[in-house]
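Below is one structure, written out as structure tokens; comments come after it.
Chain nomenclature is as follows: A, B, C and D, assigned in order of appearance, with residue numbering initiated at 1 for each chain independently.
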């Protein structure tokens, strides 16, 4: 049974969605248990499949049993890098589904069935993208996850989410079509659709590798994926899409969609074209790193200008994408940039989940979306604030959290790769993050407008501090437990990911190790 | 100009056509003001890609990729059992497979067409809800109304 | 910078990149191009393998169906999931359960096909045409092995037949015959059939979607015929899903989600 | 190489105050029990530190690898206690006992709000301070340094009013900004330059690396300005800004813990990261000397003009810290010894001054130097302690301050920097100029009106006892400097 796990990761949420399709319309309460059960099964099988990859190295799973000439049927490939990402997706999905429990008193629950079906199908798409070894199959799965995310964005009741979903649809489809065109060019020049097969063809004969068709294929695929991950010049759709969609779906979309697209870019660079081919073209790496620098700075500065929490987090996502793309393209001698970028995919998924859960709790239970009316948060909602503080410190990059270590590896890659502008951008962006989040800490700690002039003069008769500044903001009381569990679990995972990043880094580097180029020494 | 047409465009005639078609789609996707026209641009954009894929697998003088054996159902099982492969009508040169067009692009394009339909369906539904909400489908009016909505919200 | 300027810049750049890519393509229709017969000196391309060996392995003369349903069956499963997901997304966007039904389009209550005098011509022809369309659609689904056809084409025709009823009469007639609950169940059932055919070999110890091992199930004397039969079963699953989703999309779009009265 | 002993003691000492946090939270309703727990934790911490003293005195170095999880960059979180760490830990933990007693008196006197939160973060910041003292490598040091910045922010902004907000804002923007802006890249650059070795054991990290003049200088300044808790100009203005905090916070943290952490890190950088001989060879230490000298002179001049008593003490702290950095940057044997001693001397002296300032505020609510006329007769004990503290910080005979200043001057002469020697002497005069007018005004000036000062009497006992204890401490350091000297010889001998 053990070797069937890679397929089981996908099938569990698929069958869950279909079951809800059958039974969910007339029995709303059954939706959540089915969804939760299927995601837990896929988490377990993701762990099993990943463990096998960690211990025994990368392995293939041939769909339909066609093995002899590679590439005639679709292959699922699990190695250390996407094993880790599978676990991360499963964990984020389980935590996000717990957050979507709605109190039975909630009134408009007639769309819950559709919501959970789209939720599970999105997980199927994401698992599929991570695990597939076939270029065209990747396009189909990108479309599955794209369509479901358009539905999840547009399911909301806010008046602006439909327009945001429309723009998201246009940009997403253009991106996916560019990717499809790129795969077409590749197929025309190499005659194969399997990632490994194309790689062997490209590495064996150089005439094909240097031909303009392959270069255009790479450009098309890259631009397509950049649109999907909202890399700087093409990020127009992200802030509206993720800030106007309902909080339940934003907790699944924000942490995963863009990070999986970054993983696809790394998979394309690493296994499809091979790093020597990509970095063989002089000047590309510097150009992309400069684009990433602009992305980081622009994302951070625009985040400063926002008043709403979710929009600020969206611009932070744009900046984080700049980290990862820049890190992947550093072309530093022993690949620390790429390691940092892959580690940052995991770290950033959890950080974004933690912060979006916090924003979701505030919006769902108190209707707060502005930074301004967070007065007295620390006192009224202590547990939620703890989760938020850990997530914020991770985003800033304070040591024990995983955010610090991903920045550490990225900066190291930047120094060794000779890109001081990238290092500078990282530091400036962490400073801006510090200002961003301490602005919120201040308001949450001090209350909206602290009593001015409580100086030391009248020291003798001190008065209680509870009344000042809190009357204006809406009454805050602690979030219900099933909203707190995912938040605190995410915060704990951020810390754990930080403390035990040594093993994870070694796993990631083994994934690079047996890729095309040999990593000199595992430090 | 003519010899340019003859030796650069003619051999890749289909590929030039698909690039032009795609650019028309991309242009209207971005420039058009009405949402429905944008969607039409998207449809043209996707059909250009389908044209590219299909013209990939074309072989001169090849028939459709269905092995046309003329045996009736009666001897269908008999044929299958004793002599292994179908007797492929050999084409003029090269190996017998050249008689049949390359099936792979057609398979891929079945998927791409279905994906295109699905995306258009969702886009239409979105347009319908946008029209119900703001009762206009012109992009600039919509943005103005959303901005107005934003200020008073 | 108004959109027209953006558009022309984007068009010029992508156009040039694409044309640069085309410059060293093989000539149109050349059988020796890498896609058709593999890179020079390299292994023969997969398409040659399909043309030469696929009939031997699956006994399905229509190469496209054999590649579609068996070799790359995983792709087609996700294609059906795309259709299903698109349907669900549309319901999620449009479906409103009519309590606040301010924009209900009133429609004549009595069913119009049988007996409403000013629709006689349309009614009768539609009553005659729909069964023929459906039978031809089933033929297309079943005959996908030998001639161009298969699950998608057949499913769309089946859906079209229901849409014909809705167009000829009013939406309630069609919904009377194919209610919301039934199209939801049929849609999910279609993919369950498809994935079921995939999981069956897993139960029998092989990988996902490996139909060869189903000879024990179909009692055929060799994996080839088992593959051919399971391909037919898979096509039926696809047809079910596509039929119900196509009709459901029409129903929801025309009645703007209320399913009360439509076009 | 001295023999290393792996022992759990440094971890226990560091986590003693952290263990008190849950207890404080449990007893938040019973005031007395909560203060007992704080007091008990202080004594326990001091006991663990004392237990390590004999081992360190014999030249042993205690090590303990806490989490070796960071194998990715093979730099574990590890503790390593040597002479310098010992000095700082002794000073911090002993003065914490006095401060917790003082805090109880101060908080009760002013009936401050949210005292539980105050004591919780107080304990956490002490744990971070000892974490820095015992840090075995640059990464652990940076980790606890950041923890200290974050833990002290709620303390500084305790009053939660507008002033506290602006003070907190400058506090954090300086500390976090410089640590992420300068210290982090410097740390990573050292990591890359030294090929992945950040630990303080053995020879200095960059001793044999081919560091040029300019990269070396930028790295040194990166660290010096990165650890801006050392209060070097131009990154010093968070210290006067932090005076918005209640006095026990400014007493312990801004006279002993927080500022000394900054200086301690700079000393670690100079002795462990660069190594005395590399700095001497490159000659970049002179640049650091002149920056420190500039800070000493300008901060003493600014202190002269400050009317608010706590701000004057704050600027004097900035000056004294730069004494220590100046001493270490001179690289001569006695100067380094003198600077290490000055950590202890200045700590005892300055904390007494802060205690007195707090006592005055609790007793009669006066904050400004101009209001202190004739208070000496009303509050004789407080002002006597103030006089001793002032003498110790200025470096006059009966107090310990003389010893450390003597070594510093000796080291400056030894290093042949006559100009820097004059800086020491000029600044001593300036110290006297801004401290002794206060003493003179309190004792010899007639009080403005008898009835105005009639109601004033000594501060509550819980405030007066700690300030007398610390005043006596500075005197004892003059007469029995034995252990302190041994510890400094240990460190200087080794480097």
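A few comments on the model shown:
By definition in this document, a contact is a pair of C-beta atoms (placed from the backbone, for glycine too) under 8 Å apart; a residue touches a chain by one contact, two chains touch by 3 or more.
Here the structure is a predicted model, which means the values were calculated and not measured.
By the document's definition of touch, chain A and chain D have no common neighbour. Set side by side, A-B and A-C show the greater C-beta contact count at A-C.
Centroids of chain A and chain C (each the mean of its C-alpha atoms) stand 32 Å apart. Taking each chain's centre as the average of its CA atoms, chain B and chain D sit 73 Å apart. The distance from the centre of chain C to the centre of chain D, each centre being the mean of the chain's C-alpha atoms, comes to 74 Å. In chain A, the residues touching two or more other chains are 136, 140, 143, 147, 150-151, 154, 162, 165, 181, 187-188, 193.
Residue positions of chain C touching 2 or more other chains: 18, 22, 25, 33, 35-37, 46-47, 50, 72, 75, 79, 82, 85-86, 89-90, 93. Pairs of chains meeting the touch criterion: A-B, A-C, A-D, B-C.
Touching chain C in their complex are the following residues of chain A: 4, 7, 11, 14-15, 18-19, 21-22, 25-26, 61-66, 69, 71-74, 110-111, 114-115, 117-118, 121, 124, 128, 134, 136-137, 140-141, 143-144, 147-148, 150-152, 154-155, 162, 165, 181, 185, 187-193, 201, 204-205, 208, 211-213, 215-217, 219-220. Against chain A, the residues of chain C that register as touching in their complex are 17-18, 20-26, 33-43, 45-47, 49-50, 70-75, 78-79, 81-82, 84-86, 88-93, 95, 97, 180-181, 184-185, 187-189, 191-192, 195, 198-199, 201-202, 206-213. Residues 11-16, 19, 22-23, 26-31, 33, 55-60, 62, 64-69, 80, 84-86, 94-98, 100, 102-108, 110-111, 114-115, 117-119, 121-122, 124-126, 128-129, 132, 139 of chain B are the ones touching chain C in the complex. Chain A makes touch with chain D in their complex at residues 393, 396-400, 405, 407-409, 411-412, 415-416, 423, 427, 430-431, 434-435, 438, 442, 445-447, 450-457, 459-460, 462, 464-465, 499-506, 523.
Partner chain B is touched in their complex by these residues of chain A: 136, 140, 143, 147, 150-151, 154, 159-160, 162-163, 165-166, 169-170, 173-174, 176-177, 180-181, 184, 187-188, 193.
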